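Here's the structure, in structure tokens; my notes come after.
As written, the chains take the letters A, B, C and D, and residue 1 is the first residue of each chain.
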Amino acid sequence: MRQTSYAEALNEALREEMRRDPLVFVLGEDVGRMGGLFKVTQALLEEFGPERVIDTPISEAAIAGAGVGSALVGTRPVIEFQFNDFMTIAMDQIVNHAAKLRYMTNGMVSVPLVIRAPVCGGISLGAQHSQSLESWFVHTPGLKVVMPSTPADAKGLLKSAIRDDNPVLFFEHRLLYAQTGEVPDEEHLVALGVADVKRTGTDLTLVATGRTVSLALRAAEKLSEEGIEVEVIDPRTLKPLDTHLIFQSVRKTNRLLVASDGWSACGYASEVMATVMEHCFFDLDAPIQRVCPKDVPMPVAGPLQKAVMVSEEDIVSNCRRVLAT
Amino acid sequence: MRQTSYAEALNEALREEMRRDPLVFVLGEDVGRMGGLFKVTQALLEEFGPERVIDTPISEAAIAGAGVGSALVGTRPVIEFQFNDFMTIAMDQIVNHAAKLRYMTNGMVSVPLVIRAPVCGGISLGAQHSQSLESWFVHTPGLKVVMPSTPADAKGLLKSAIRDDNPVLFFEHRLLYAQTGEVPDEEHLVALGVADVKRTGTDLTLVATGRTVSLALRAAEKLSEEGIEVEVIDPRTLKPLDTHLIFQSVRKTNRLLVASDGWSACGYASEVMATVMEHCFFDLDAPIQRVCPKDVPMPVAGPLQKAVMVSEEDIVSNCRRVLAT
Amino acid sequence: MQDDISREDRLDWYRRMCLIRGFEEEIHNLNKAGLVQGTAHLYIGMEAIAVGACSAMNSADLLTSTHRGHGHCIARGLDTGRMMAEILGRVDGYCGGKGGSMHITDVSRGMLGADGIVGGGIPIAVGAALGVRLKGDLSVVLCFFGEGASNQGSFHESLNLAAVRRLAVVFICENNLWALSAPFAEVTAGGSVANRAGAYGIPGEKVDGNDVEAVFKAVNEAAKRARAGLGPSLLECVSYRWEGHSIFTRQEIRPAEEIQQWKQRDPINRYRARLIEAKTAASEVLGQIELQVSEQISKAIQFAKNSSLPDSETAFRNTYA
Amino acid sequence: MQDDISREDRLDWYRRMCLIRGFEEEIHNLNKAGLVQGTAHLYIGMEAIAVGACSAMNSADLLTSTHRGHGHCIARGLDTGRMMAEILGRVDGYCGGKGGSMHITDVSRGMLGADGIVGGGIPIAVGAALGVRLKGDLSVVLCFFGEGASNQGSFHESLNLAAVRRLAVVFICENNLWALSAPFAEVTAGGSVANRAGAYGIPGEKVDGNDVEAVFKAVNEAAKRARAGLGPSLLECVSYRWEGHSIFTRQEIRPAEEIQQWKQRDPINRYRARLIEAKTAASEVLGQIELQVSEQISKAIQFAKNSSLPDSETAFRNTYA
């Protein structure tokens, strides 16, 4: 298998799906001529032309609305937001329209729309360019939410998202774009709603998403040296959540830690905690804990950003904390 | 003490604060001439004039932004959104600006802004007029989130919110507007961040917010007839959360149920569950459970709406469930 | 649609306007009887806009609507029985009772949906135009919205996007002079919505929204332009709503004389008089039509009432495809 | 500000433009040395807009800025040392290193903040104008934004709101012909931002953004109007950015000749030549100024470098008041 970067894998997914289905098209700011701020749409304009690779004005609300409208008439738009922070401008179209039109019409219409956006910090862009807002969308019925952690998952999940008949929010971590990994040469699909055990272990279950998966794996290696075996589960799809795999693991290890780049309050980590609590309470030997960024906006200066974001050390120390009780 | 409706209590709070401080002003759609869609701003235009009671165009993003800008220069805007669903249009200003400006400037500025909005369904207005989106704002550092359940709390909390130097999101339940209750004649303030025990009990702690508080109290009465004593806690402020009072109660009752009109996934109920799990795990005799609306958009037809919204019976049966384990 | 208006067209337009009027009036009665589920925003007084505009549509054309959408639906030929059933929250309604008045949709008629969000449908219309072009269809999208919506950011972004992509959208502002309690001039700078077309370099025109033929002609021209690949247009159809903002509204803010004046410009009476005067049809012929319309409405109501309220189980279906 | 321009004004404007240019050029070097924390969007080529505009401000006036905000800050007289410290993420920066280039703010100078959201500052400017009026101040608010931002809904809503309330805002569009990789005409319908003023019934004017005196005059007129209670205006100052979109940008989309042409219209060189030609100042006098500017910049850099990176504990402070 080839080594491919996360960004290239996403680009391949787009290209393959656009070749397969002439109704798939891409729109967003700087996706054409420039190939996307993070190069995910690179060279698509050249291959598919300006009717299928649309450089839009800076009008996030209309872009999202155009996605909804074009999906309603049977095309399959894939929208890029340059940062997920800018989705704040398009929440009405995403939440009041994309998420609800199928339900409100009792199934008469569907909205096969994909919205891609990078999340979280790491390059000192500050509070308006570093959020990880996936939890808002997990909160909202009618949406699916995906967050891949490897190039192979990125490719396979994006292809599935494009083929899905529902609005799918697809969150990418910008620190992952350059990361490489093996991606199958042949057609590669990863089903939505299926979690993945990224590492098996017996002492503690660690549910991690996006960037925190690689931190979790490194943390697990470190703890393994001490004889502690951590099982790392990547849900890959945050909504619908593959609870089965998580419950199974917790019933084996009896301990759980959840890591997420989204804030803790009403966040994705709290949701996993609550769900496991409801279903596996008597299997737990210790309180479930979470590792999330600190409850502040993201600062710019390096040392501050580092203090706020989730780190490998945070995960290691929290694993120890869960194991100590 | 007088019997006052929730809507009148809010109106009194606005009037008193506007009399006290000439920099407090109100803006929003139909707040002037019409006195607000739900009559909360009634007769303010007559008393304070069109420079302090501003009927705006239908421009939610600019209204929120105008709130931020006017707060930045030292006035104290109180914005009304007709339904919290329309805040989706203003998320950028609320989340990227109001919530973050103080932090981003390291404390140089403050944003003393109040945004009021009704939440949840109950009058068959359907999926775009019935959400209860408070959890999104609890997720976001830099905001305070308030949700009163009685006329007295409504008045006291709104006055405190207006005096607070931070952006405060103030969520009202439209089924409560007509509900009456005692409101003190004298100056009445309720501090933000302080929960309230609405009923004492020994067998189960029931944390409920907004409209679900009255459902919880009725459920508790019913269970009391069977000798089950439920302690009902109303956090009143969702962010910052008064964890102290909740932990204390859970340590006494060893059981917890959380009721909320917001969806369950990544919602306020999951946050309370996660926090209690972290801190009171060994005090718990049974898994914490939650009662939330079903995970679907809100339908219009009466029987459907009823099936989706939290009911007194839901709370009773879930209390039993928690007590049965 | 042909350019020249035939007698059949005229009679059909008269019929449709009467149908809208009668349908809306019945909602008042049904509401008093406690049968309407939720709210409804009546189109009474504005019938000429929907009928004139939708008459310029081809069968493959599309439209997006607003909270005040019944008129557009009827003008576009939706089934009044299923519409009424939806408004009463019944299983045979277009949305099985889940959507109610504000979300009536019928994709089989190219009706992409009413909308509860002021300005919410505007970018959706633009997207639909983008989509049909990609599919190679020549459909035009009519995009209805109130003058209140023209102050939303979505209006601006959508007109700009449609203009730079030369999309086949006809933007139809229904200026009924009030947005809930807000008078047009007090909240809308520039004095005219049509005038805002200049900002996007597209044609803008103010139209007498109480004249069904004037509306037809203007929309037909704009649709031809759009079909020819010349891009979008903005039409401002000036009219008035006779009723309160919604059936929930108890308080009337608008001056009684103003309401009275506009009632004197009734688009239906006016058209009736014109048809008779021009000898297009005798009063009796129109009377026949009115009778047919009454019957259709009675049937629609009967259909709706006979349909049952949905079973609570259906609340949990159709969130996802 | 007085209407007629004195020699001191002219020399001061020249100085400020040089200061912006030199400051921005140093950021390039500091970035190569790995010292900039995060990104920065350089103002090089556009100096005449900020300097001309801010020179029309009174001391109580306010401004809102954009991601490309250094020029506005310097023109408004912010401390270059504290600015540079912020860009390097240091404790002595205006925001203690929390905000970085995109969030420099100094309320003591009426500078309400740069902004990382395209179009984000526009309604904030309107709100500030609303607020100062309520307080009884006569301040005018200058609202800067790029031509890319003029396609955001916030632009439309804000201009409409300011117009109907007759607020004291001067909307200053910096049209540098590109928004990241998007050429103006391809994404902006109507061909002109100034022209969009018509939609709101307010004055709109296109200005040579490379001519500091032309900008001053236009903004001064608009500010006078605003101060007199006559409401907002929209100015479109046409200029060009010489550098890539941000210091992160490696790819240049714009045609090399276009960049070259605009460099020949350098607002600083042009003004220098004009001052000499008009005998306002001899070349030596201007040389003196340039020297002073260099020194000031060196000091600013020294100040910034001497300031330490913040302690991680400060990350947890100042979320709430």
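Of note:
One rule holds for everything that comes next: contacts are C-beta pairs under 8 Å (C-beta built on N, C-alpha and C of every residue); 3 or more make two chains touch, one makes a residue touch a chain.
Values in this document were obtained by computation on a predicted structure and should not be read as measured data.
Set against one another, A-C and A-D show the most C-beta pairs in contact at A-C. Put simply, the C-alpha centre of chain A and that of chain C have 40 angstrom between them. Note on chain placement: the centre of chain A and the centre of chain B lie 30 Å apart, centres being C-alpha means. Between the Cα centres of chain A and chain D there is a gap of 37 Å. Work out the mean CA point of chain C and of chain D, and you get 45 Å between them. Shown for chain A are the residues in touch with two or more other chains, namely 56-57, 59, 61-62, 85-86, 89, 92, 96, 103-104, 126-128, 141-142, 295-297, 299. Counting partner chains per residue, chain C has residues 95, 97-99, 103, 115-117, 120, 151-154, 157, 160, 164, 186-188, 314, 319 touching two or more of them.
Chain contact topology: the protein chains form a complete graph, every chain touching every other one.
Taken in their complex, chain A has these residues touching chain B: 61, 85-86, 88-89, 91-92, 94-96, 99-100, 103-104, 126-128, 131, 135-136, 138-142, 239, 262-271, 273-275, 277-279, 281-282, 284, 286-290, 295-297, 299, 325. Interface of chain A with chain C (complex): residues 22-23, 25, 27, 51-52, 54, 56-57, 59, 61-75, 77, 92-93, 96-97, 101-110, 112, 141-142, 144, 164-166.
Contact residues on chain A toward chain D in their complex (touch as defined above): 29-30, 32-34, 37, 55-62, 85-86, 89, 123-129, 294-297, 299-308. Within the complex formed with chain B, the chain D residues making contact are 62, 64, 94-99, 103, 105-107, 112-113, 115-117, 120, 122-135, 153-154, 157-158, 160-161, 164-165, 314, 317-321. Residue ranges on chain C touching chain B, taken from their complex, read 37-39, 89-90, 95, 97-100, 102-103, 115-120, 148-149, 151-153, 179-182, 186-188, 251, 253, 309-316, 319.
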